[in-house]
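Once you scroll down, you'll see the structures, which are given as structure tokens.
Heads up, the next two complexes both have chain A, just with different partners, chain B and then chain C.
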Partner chain A sequence: MRKYFLSAPLIIFFCMMIVFYYFLIIKRDPSELPSVLINQKAPMFETTTLFDNKPFVFEEESGQQVLVVNFFATWCIPCREEHPYISKLSKEKNIAVIGVNYKDDSRKAIQWLNELGNPYSKVVVDSNGRIGLDWGVYGLPETFIVNENNIILHKQVGPITNEKYDDFIMHIENSIK
Partner chain B sequence: MIQKNLLFNKIFFLFLMITLAGATVSNISYAVEPEEFLKDPKQELRARDISKNVRCLVCQNQSIDESSAPLAKDLRMTIRNKITEGLTDKEIYKFLTDRYGDFILLNPPLKSSTMILWTLPFVLFFIALFVLYQHNKNSKLR
Partner chain C sequence: MAPSLGYLTLWLSLCFAILQFITSFKKDASSIPQFHKIAAIGLLLSTFFSFFSLMYSHIVSDFSVLNVFQNSHSTKPLLYRISGVWGNHEGSMLLWILVLSAINYWIYKLYNGTNSIFVSKALQMQAFITIGFLVFILSASNPFERMIPSHPNGLGFNPILQDPALAIHPPLLYFGYVGFSAAFSLSIAAMRLENDHKIPWHKYMKPFVIAAWTFLTAGIAFGSVWAYYELGWGGWWFWDPVENAALMPWLLGTALLHSLITVERKKSLQTWVLLLAILAFLLSVIGTFLVRSGILTSVHTFALDPARGVYILSFVTLLGGYSLGLYAFKSKNFFNKDYFSFFSKEGSILVNNLLMVIVCASVFFGTTYPLFVEIFSNNRISIGEPYFNSTVIPIMIPAILVMGIGPVLSWGKVDSKKTRRQIFTSIILTILATIMFFSFYRSFNLFGLVGIVLSSWIISNVLVTLFIGIKKESDKKTLSSVNCFKHFNGMIVSHLGVGLLILGITGSSIWQEENITRMKVSDETIVKNYKIVFKEINKLAGPNYYALEGSFWVYNEKNKIITVLRPENRIYPVTNNTSSEVSIHTNLLRDLYIVLGEGDINEGWVVRIYYNPLVVWMWIGVLIIVIGGLLALKSNLTILRRGN
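And now, the complex of A and B:
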């Protein structure tokens, strides 16, 4: 019995090794944080649209259909990488994608969209990052799926690229059901 | 020769201690910019205290008080705005955790989900004590 107790530190040490090894081998991005907004009501906001500077109220857009909200900026290089996939998504799925231009120069953003094409049903401006703060945004691009009851069902941090695309589409399809 | 070595050791030890003490004291690499300061020094001090407990989500192991990332600056400004609006510290922490989760706090709160985190060190400490005690008893018997 005594001998068994003496080996306790060794056993604990090996248990810890196994735990650490597990976290080492699973595919996990430490910069990806769990969002507290999942299954919560989407934060409401009012702002202006990028192209015609008209007032925009999020509440009027949401609540009738499944929406994709994509935070992007011209200074964000992964956003450029993501752009073709956002275009593909809005075309293929015929879904409303709202682009939030986060802490950006509006002129540059317009130029960027004219050059690459505008996949968004509406592009709105978040010049000082207030909307982003309410939505818990910390690293661009970030994309949210909001269902017709205004609940955030999924959040993707980082670009939706080839390997993430199918997964994201699956989340949209699950939201529509 | 031995004497000389000892003296050298002592000097080296003293030097090391001074360096370490200096490093601890002078480790004040604040990123707060002058234009961010609040006029009321009391409020500014509160803002700094809160900032020290809030994680910068971009750099993760720095507080927003130390980080010069744009998001950290936004969060510092938000905290200062909330203070001037008259919110309490508790309300400000709640505002932050509602949006970014407990992860934004550098000190994890004591909750049922973090119970293991908080109690495990004590449990391990007592296990270690017990093992040590058993070991000592065994050696004395021999």
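And now, the complex of A and C:
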């Protein structure tokens, strides 16, 4: 029994190395993880807004127009990288972007937005990650496109950067049609 | 001339390393030390020469060397020309090899006539590691590559790396990482000895581990100091993959260090020590791999080259496969059936060990998790601070509680009545210190309370242990300043440092206040009880940059001026880079920290002002921990020399 126990480090080590090799060798092709939430109804939630601390009910916003829901936080470095593109998106496309401030210090988030600019039509607070859990968020940033029937049509994991921007716009345009 | 010589001596180093490796196989064991003497000294001298040739090329700005051309510039100050040697991938690998050769020489010095088989096996492993890195540098990262015709001037140097703290951060860190290679080699050598337990391998391992741990602690601290002063984000730890890569071996090193003490006293935990020694070094190399291969993105990405990544990874696989395979087969010989009580010094060490390993595992998981996500999608994500704070802190709290109690407990059987009395005293002291702190600070916060209790708990226990030791001396009528000083051993001093470190960490992360605002000249703002007036802004010219320097006058609540802070916004024309120089006013209670951001004279500038309480105690704490480490190193070297 004990003997097997002593080989555990070796086995774990090899499994890890295989994962690392995989990363170095694969051509990282942009196939996206299909989310179970795609083409499903967007999970409803109630929370408060970041700036004025007023109640926010997701149902009241959704169901009339196409919405973009962006999960972000001040501690997330890729979010900083993404920020200008979110600003560009809300300006150019004239679309409502709801920012969900995920597991963050509200004070810092307010200052972050004051400093970098606030591209969101509404910013809401998800201080304990409850909303993120319902929406299947596993890392930041993540962005969802919800159509006027309240169905999630697209999910973007990771920052919307220069390379991803046009693709994301295409998804939005498809949703509006 | 110098670059060619440096390149040549690097090949010579490879020859010496191969000599050391091959001669270890000799049947006639008595002649091995002679060969190893030549190899170890030759290796050290040739690497030394090679390293200094590169340094010379940087100092004289020989731009025919590609490495100098890419990373230096004739306007760069001397200090940063020197530190520029290891501020890039190729040079830092050369430094890594230099430290490896120094450690190799130190292992060679362990030969004493009775341990030649053991030491030769350790040197063989060490030679193998050195060969691995030498082949890597010669084939994939040659620092002496020439560029003919040469350019009149270099491309410059990343300005945020131009900083004194960063100049010494890599050498310290590398000494730490590479120091664990000795523990690794000695652990392999111990397992390869055929049932010969007479060699006190753990005694040989201990000074290396203490040295590696101490340097790693100092290295990480300088990295944090640099992040605090230079990045201008008001913080000192960002759970960046590169920081985690240094933290993981540190956590295992801490566990290893304490387990070695137990092995020395009780002969138990030997199997565990062998494993920790292997893992600490493997994680050091994996850390290097993660940084160099570019598979994780971070603020300090070095070279983005998959070919280099494949080489380092294959080398790690070889080292890990061999060492852990050997461990799977051989380590059972080191099992010890003496189980010990939970309520004893060794019990507390074991509990802490397990907690450290769990923390290390969760940091590892958090660091590599984005990679696992990337397997399925092509996206970089960040799980960042909340994950680490919510997994690491809850495990650290019991670890720190146990750490406090450890020094009070005795080895083996514990006199529970006496111990209980001592612990009771510490508890009273902790409560008193906490009440004092909050009556002075008057800002209550649950996490703050936990931090302050833990910090006072560690310090109280250290004081109680110290008091008991000194009281014993006075009972025996042997009290003198020398005997008194003896009680300030490595453990006591380091633990005291950890107590202060926790105080600093708690203060600066719980009670930090920040004010980000746009200010024009002569605007004023308030942070905490300080009024800050933006007096003027001036243009400056430095040795290789231009700067805008803001003058901020700081007044206290009595409207008396305390200091003038002058943060800068620098532009380096050579690389067209900008950097912001933070300006900080420090005292024992708090730091006032100002960063000058983007802006112009009409719109005003974005100014970030942080009130960071107790930060200086973090640096004092680490300094004391390092002093403790050096004290422990000194006494262990004395023991080793006497043992020889």
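Quick notes
Simple rule for what comes next: the second predicted complex is superposed on the first by the 145 of 177 C-alpha atoms of A that agree within 3 Å, B and C clash if a C-alpha of one lies under 4 Å from a C-alpha of the other, contacts with A are read in each partner's own complex, and residues count from 1 in each chain.
Just so it is clear, a contact is a pair of C-beta atoms (placed from the backbone, for glycine too) under 8 Å apart; a residue touches a chain by one contact, two chains touch by 3 or more.
Keep in mind that what you see is a predicted model, and the values were worked out from it rather than measured.
Of the two partners chain B and chain C, more chain A residues are in touch with C.
In the overlay built on the shared chain, the residue A:37 is in contact with chain B alone; chain C does not reach it. When the shared chain is aligned, chain C comes close enough to touch A:21, but chain B does not.
Of the two partner chains, chain C is the only one that A:10 touches; chain B does not reach it. Residue contacts after overlaying the shared chain place A:103 against chain B and chain C alike. In the superposed model, A:134 makes contact with chain B only, not with chain C.
Overlap of the chain B and chain C interfaces on chain A: residues 2, 6, 9, 30-31, 33, 103, 129, 138-139. The touching residues of chain C, when paired with chain A in their complex, are 271, 275, 278-279, 282, 289, 293, 295, 297, 299, 306, 309-310, 313, 316-317, 320-321, 324-325, 327-328, 331-332, 335, 368-386, 514, 516, 597, 606.
Put simply, chain B touches chain A in their complex at residues 57-58, 60, 70-71, 74-75, 78, 97-101, 103, 124, 127-128, 130-131, 134-135, 138. Chain A makes touch with chain C in their complex at residues 2-3, 6-7, 9-10, 13-14, 16-17, 19-25, 28-33, 73, 75-79, 103-104, 107-108, 111, 114-115, 129, 138-142, 156-159. Only residues 2, 5-6, 8-9, 12, 30-31, 33-37, 103, 128-129, 133-136, 138-139 of chain A touch chain B when the two sit together in their complex.
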